[in-house]
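Labels run A, B, C and D following the written order; every chain starts at residue 1.
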Amino acid sequence: MRVETPRPPVPAHPTAQPASLLARYRSVRAATEKLCVSMSAEDQTVQAMPDASPAKWHRAHTTWFFETLVLEAGLTGYRHFDGHFRELFNSYYNSIGAQHARPERGLITRPGVAETTAYRAHVDEAMARLLAGGVDDALADIVEVGLHHEQQHQELLATDFKYLLSRNPLAPAWLEHPSDLPDSLTAPPSTWLAHGGGVVEVGHDGNGFAYDNETPRHRVLLEPFLLASRPVTNDEYLAFMEDGGYGDPALWLSDGWSAVQANGWQAPLYWRSTDDGWTTFTSSGTRPLAPDEPVVHVSLYEADAYARWADARLPSEEEWEVMAVDAPRNGTFQEDGGLHPRPAPAAPDGRPTQMLGDVWEWTRSPYSAYPGYRPPAGALGEYNSKFMCNQMVLRGGSCATPADHIRASYRNFFPPPVRWQFTGVRLAKDARYAV
Amino acid sequence: MRVETPRPPVPAHPTAQPASLLARYRSVRAATEKLCVSMSAEDQTVQAMPDASPAKWHRAHTTWFFETLVLEAGLTGYRHFDGHFRELFNSYYNSIGAQHARPERGLITRPGVAETTAYRAHVDEAMARLLAGGVDDALADIVEVGLHHEQQHQELLATDFKYLLSRNPLAPAWLEHPSDLPDSLTAPPSTWLAHGGGVVEVGHDGNGFAYDNETPRHRVLLEPFLLASRPVTNDEYLAFMEDGGYGDPALWLSDGWSAVQANGWQAPLYWRSTDDGWTTFTSSGTRPLAPDEPVVHVSLYEADAYARWADARLPSEEEWEVMAVDAPRNGTFQEDGGLHPRPAPAAPDGRPTQMLGDVWEWTRSPYSAYPGYRPPAGALGEYNSKFMCNQMVLRGGSCATPADHIRASYRNFFPPPVRWQFTGVRLAKDARYAV
Amino acid sequence: MRVETPRPPVPAHPTAQPASLLARYRSVRAATEKLCVSMSAEDQTVQAMPDASPAKWHRAHTTWFFETLVLEAGLTGYRHFDGHFRELFNSYYNSIGAQHARPERGLITRPGVAETTAYRAHVDEAMARLLAGGVDDALADIVEVGLHHEQQHQELLATDFKYLLSRNPLAPAWLEHPSDLPDSLTAPPSTWLAHGGGVVEVGHDGNGFAYDNETPRHRVLLEPFLLASRPVTNDEYLAFMEDGGYGDPALWLSDGWSAVQANGWQAPLYWRSTDDGWTTFTSSGTRPLAPDEPVVHVSLYEADAYARWADARLPSEEEWEVMAVDAPRNGTFQEDGGLHPRPAPAAPDGRPTQMLGDVWEWTRSPYSAYPGYRPPAGALGEYNSKFMCNQMVLRGGSCATPADHIRASYRNFFPPPVRWQFTGVRLAKDARYAV
Amino acid sequence: MRVETPRPPVPAHPTAQPASLLARYRSVRAATEKLCVSMSAEDQTVQAMPDASPAKWHRAHTTWFFETLVLEAGLTGYRHFDGHFRELFNSYYNSIGAQHARPERGLITRPGVAETTAYRAHVDEAMARLLAGGVDDALADIVEVGLHHEQQHQELLATDFKYLLSRNPLAPAWLEHPSDLPDSLTAPPSTWLAHGGGVVEVGHDGNGFAYDNETPRHRVLLEPFLLASRPVTNDEYLAFMEDGGYGDPALWLSDGWSAVQANGWQAPLYWRSTDDGWTTFTSSGTRPLAPDEPVVHVSLYEADAYARWADARLPSEEEWEVMAVDAPRNGTFQEDGGLHPRPAPAAPDGRPTQMLGDVWEWTRSPYSAYPGYRPPAGALGEYNSKFMCNQMVLRGGSCATPADHIRASYRNFFPPPVRWQFTGVRLAKDARYAV
């Protein structure tokens, strides 16, 4: 079969109208600040590991994005808040210039929280002036990327902070426990949903915002497969543990088995075994493990080993995406419910639940470029493309992801050993091997 | 489009007849010994880095494979040469038992070379007895895997030893320089060969031997693409270097740029800049760089950066394979010519050259399971499948690969930073972006 | 020659009267708080390296000392501020129990600065109650140790914080530059002062407070020697640098040369070479190097290499001590002058200057027990004695040492590579080799 | 008290007569070769850890010493065996030039054992010519140093090789077990021998050979002390272990406790706990622990912890030396008895036994320069003096030390954590605290 003439890449960043763009700018920026309301100056300053960043840094870096990529070029006469910040808060953009070393973000006590707040206000004021006057499509596109960028950092800010508190032997709580989470909540049984395979289309369809790495939309040939109706629960994962899952090398990828031994992994991150059973550390402190909640804070290695133990496998990202298109958003993000994945709701007929929200689902797909992909020109070309190696694709969004930052074509990516994100497991199976 | 009913996996290891199997056994085993003829006892003992192994270990481990996987079960009354070897020479088979730590292979001075030779003779004698009597298909299959396993180790033995000698400040030569390599040899210009894309079949077709990871043969949808007619040469790679390739982060994957900085890479492994120009360390000692030979000893990161600099990309393994099926084997392994990639021969009309032999070609494909893949039962299930993470596929075979160990469907794999293998670069391009 | 009958160890901690002890307690505690006045919550939270601690930790740990070693046993009905602090703020006392890992002190954001202040107030109130009622000699001794302990931490708090700010690319200033330090201040020439050697007494003489490691006072036989009249200046050290001192292995101890190469040392810590000459980072920000100030922030290795280059050597701690007994205190700590060593004042006739205050002077003496030394019983036995290995003795006190914490018999100790303290160099010479 | 006019340093290297010097040269060189008789080429090539060196390297480096420091200057027309060896076999002499990196000595397979033997013969022939003709005193002194240097390396060669074999899971034996070591040998009880202290003389007295670091002989003031009549035995050390010695931080120096935890030390190096009791790995393979043999292969930290547990301490090197001067040599090195410390013989009246030979005894003295010490000019100045930091002095010589390389003033030195030498423990005590 011959494929049709290639189409141009989808326009990934459709222009928003000035008024709504400014409103949206204010809304996203305010959401960041709201996240930090209950964090002290001390809380916002410390970097708990090289992969994580201080909350204060997230607040400054997302501001830097607008200052450097929007205001510098777009607002005549814009004056920088502090010229040193151009390097200090550059995360990884070589095309913009030098960067302060990532593992040393936690050594910066000055600027402090108050000065960071002033920096945000300074840039917000300039952005308001700029957006009030209207911007051309190209600049509006960059603003849009900046807002999604800030939403990504909202999730990182939350997960980095949760990790930081977990390193404190006093195990402090940060948020109140969600009121919608009674202990009696249960998840329905997991069932297998079938897809017949064939040539399907995946990638962003051009409606609404997407990152460059979701494009171009393209066709791919799938074999028939089955997908689990919901993510794996804590209780199911415990069965794997109790069956000796962490002690049997036959279940693990070679690098995964090395990671188990080097790190002494015996359970997901944050789990502790106590005389009263398993507990887990949450944003509302240490709590008994809820059996019917989706398992989170597992690495790709653990997700893969669990799947092998369950005589299944992880889905590919394309399999996941074609099943997510029709999926209901009923299991998604709870606006005020904080950082807790929910037990799955009752499954609709023939369609999976909790695809969008609750937990990031490891796929078996290494993160690489779609056929025909080309990175954007300029600094934004560094946003996604230079990481297309040594990482795995995760799909779906988590309980820490802003609701309007979740979509079926979204490609998140992390290295296989990562555990401090809300990462979980959904099973898949080749149809040919299914009974 | 709906794909057809799944077929069973191809029989990967067709049975050989007893007489020919024994003859082949003897031939492969003798080839290993021939490789070591000019290595002293000292040469065979040292491990130059954790990724490499002593020559003596390769000779013992390949013998262990037959002893443990064939003779233990297949030859009644077989007596082990030394019961300790079962653990000492187990590389990574957890299903067989404990293993001596890989980075400590170079600490073993006893058994020495003479005892290793005796071990080989002991097992060869038993194997001859076994094969002379005829074996069933299942056992013959394992013997066949053992022979291909030994051929893989022949290549590793050669590349590990080249690396070891390179760490000696005296830069000793190991082999004579190939007599067929006059300095005047030149490569033809590189041209672009087009493929129209569409649904193609890849994976082993069932004729002859294949590893499990080449199966099942399956269909995949390709976009139209272009493939370079030959690998990149030293001269072409030098142009990248002279254009500042190693100093421009915009050309590199993020992990690649980190590797460049952490390791101080300025050129491929073994290259040295001297007053008389570039030299490279070879199996025949330090020699002037031959401009028209394919570049070798580059990492995936360097291959990828070169491709980006050249406004191209690396091929996917499926693109590579469909082009290799029709490719001539004219540029392949020179039986007595030693460890030197050759300048490309004149290109045949419309077909690529040097696909099979000379250099392993990095692809853009992370190493993972083919759709429908299932690992074999037992110890052989660990052979390939547990490494399907954090590695990239290489295709084609090198000047160090035994000629009958090279085939179009063969999937080699190494982590992205690896440079001590004969790894090179072939360019590809999306047809949609071609001028 | 036969030495006399051994005397009992000196009473190291003479009892203070209740009233004066409480006054002194308040004075020392207030001095700690004064040091932190210009530190933000962010400043007080971060740990810049494993050897350093957050300011907040110093404030809490010194409080823990009184709570755990004094109030627990001494104040009936005392209630802990927070039971978790017993482990959280235990530095290294195994006899008291488990300890929070030293390199993780900077991960603790809660308790924050405000709660730390409340902790100090809670313990201060209890201590006031206790001391107002009078305590027995044994408890008074421990209180006295606690006050000296807190004074030691005042110096660490200051040097740790200076180091933290130095890691900030913005190089923020912390204190105003001392007003008594005009650029025109000069140091007198260095001269050699002779001591005839013989049997001398060293160690604490029993008047006033001393740590256990300064006892017992004992006799030691010295060869005749010369001691420099003042510490080495920045200008003199620059001459060593300009003569290639950092590039000549013949000048260095073997471990020192390794440290130079591993760390890329080219100058003392905090020095930077600029187009306008050398600068150094100080508590009042980056400043031009003052040529006549004593060199500080050099390791034992650098001090030793400088001495060898100058055809001299470092003094032994006993040589240093016998010369310090008669030395004037004219060059000592400036109460309000902050963290700057001063240029040496004019030397008195035949006596060294700046022995007590300004810079810690590396000696050639490894830190070990005096003949007849016995550590105190209980937790205080861990205070000094378990560190008597792999460290070198420093003498004299620095510009960051509280004035009443400086005495001729005081033995400070740090490992040879340490540079973040105010460590300098005073030369000595064997009389037999002097011209 | 005023000490007398300084004397010049003792002549450390008295000239030997030509004939006897050549005879001695041949004897020492032959002893090295004899040590290696039962080592294969493989055995001689591998470096088991950075602190150790291959046997082949020891043989070449000791030869390099004579070639570089004697023949280059002393023998007209001498031609180097191979010019590359000047750098390849330079251990640490910066004044001679560059050095091959120490941790990479085990990567050198060429030159091999045969070429190393030829190198030794080449230099031996030239040395024989030189010495036959007679040499001046200065050169004879250097030859003498070279012979003692080679004797030091004989011990290292043996201990490095023992360590290498210990890393082989097959635990191969190297030498026959000494025939004079029946299991029934017992050690006499340990008793305390008193010394009254006072001003004593230590350091080499000028009779016979000494290294520069044993000079100048000088006076030192000692307090009265007690010394144990013999080293601590395995049985005594076991009592410390069984009493929880490795689990009680109160017994350990701070750095020692860190070493125990970081390395998981539970017993001396080479000890293994089996169902049949403790075994230890020896040059004659794995053997049951002999209860009355001196404990060996303990670090300074373990020696110090044992002493604290035994309510004693380690002797200073001066205390040790004054007691060794009168000590019998009855417990020393057994010419053909191999690498086993012997149970102590019956103690003579009032004098310690096994001071000279059997085990190196850790002292409490950090290794530093004697008062008035000056290193020799030239390369030999690097021999001892640049290591005078971070090491501890050991005294007495071990069962692996050549008998005529042992003397009372000899100062061996190693860092505190070292365990692969034959290092043991002798106790001391302050007389003032003795009952």
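Simple rule for what comes next: a residue touches a chain if its C-beta (ideal position, glycine included) is under 8 Å from a C-beta of that chain, and two chains touch if they have at least 3 such contacts.
Please read all numbers here as calculations on a predicted model, not as lab measurements.
Asks: Farthest chain from chain D, comparing Cα centres?
Replies: A
Asks: Rounded to a whole Å, what is the gap between the Cα centroids of chain C and chain D?
Replies: That gives a centre separation of 37 Å.
Asks: When the C-alpha atoms of chain A and chain C are each averaged to a single point, how far apart are the two points in Å?
Replies: 48
Asks: Could you state the distance in Å from the CA-based centre of chain B to that of chain C?
Replies: 60
Asks: Let me know each pair of chains that touch one another.
Replies: Chains touch in the following pairs: A-B, A-C, B-D, C-D.
Asks: Can you list the residues on chain C that touch chain D in the complex?
Replies: Chain C residues touching chain D: 1-3, 6, 92, 94-95, 196-199, 218-224, 249-250, 252-257, 300-301, 304, 364-366, 368-369, 371-372, 374, 382, 386-390, 416, 430-433.
Asks: Using the touch definition up top, name the residues of chain D that touch chain B in the complex.
Replies: 40-46, 48, 56, 84, 87-88, 100, 104, 106-110, 112-113, 164-165, 167-170, 172
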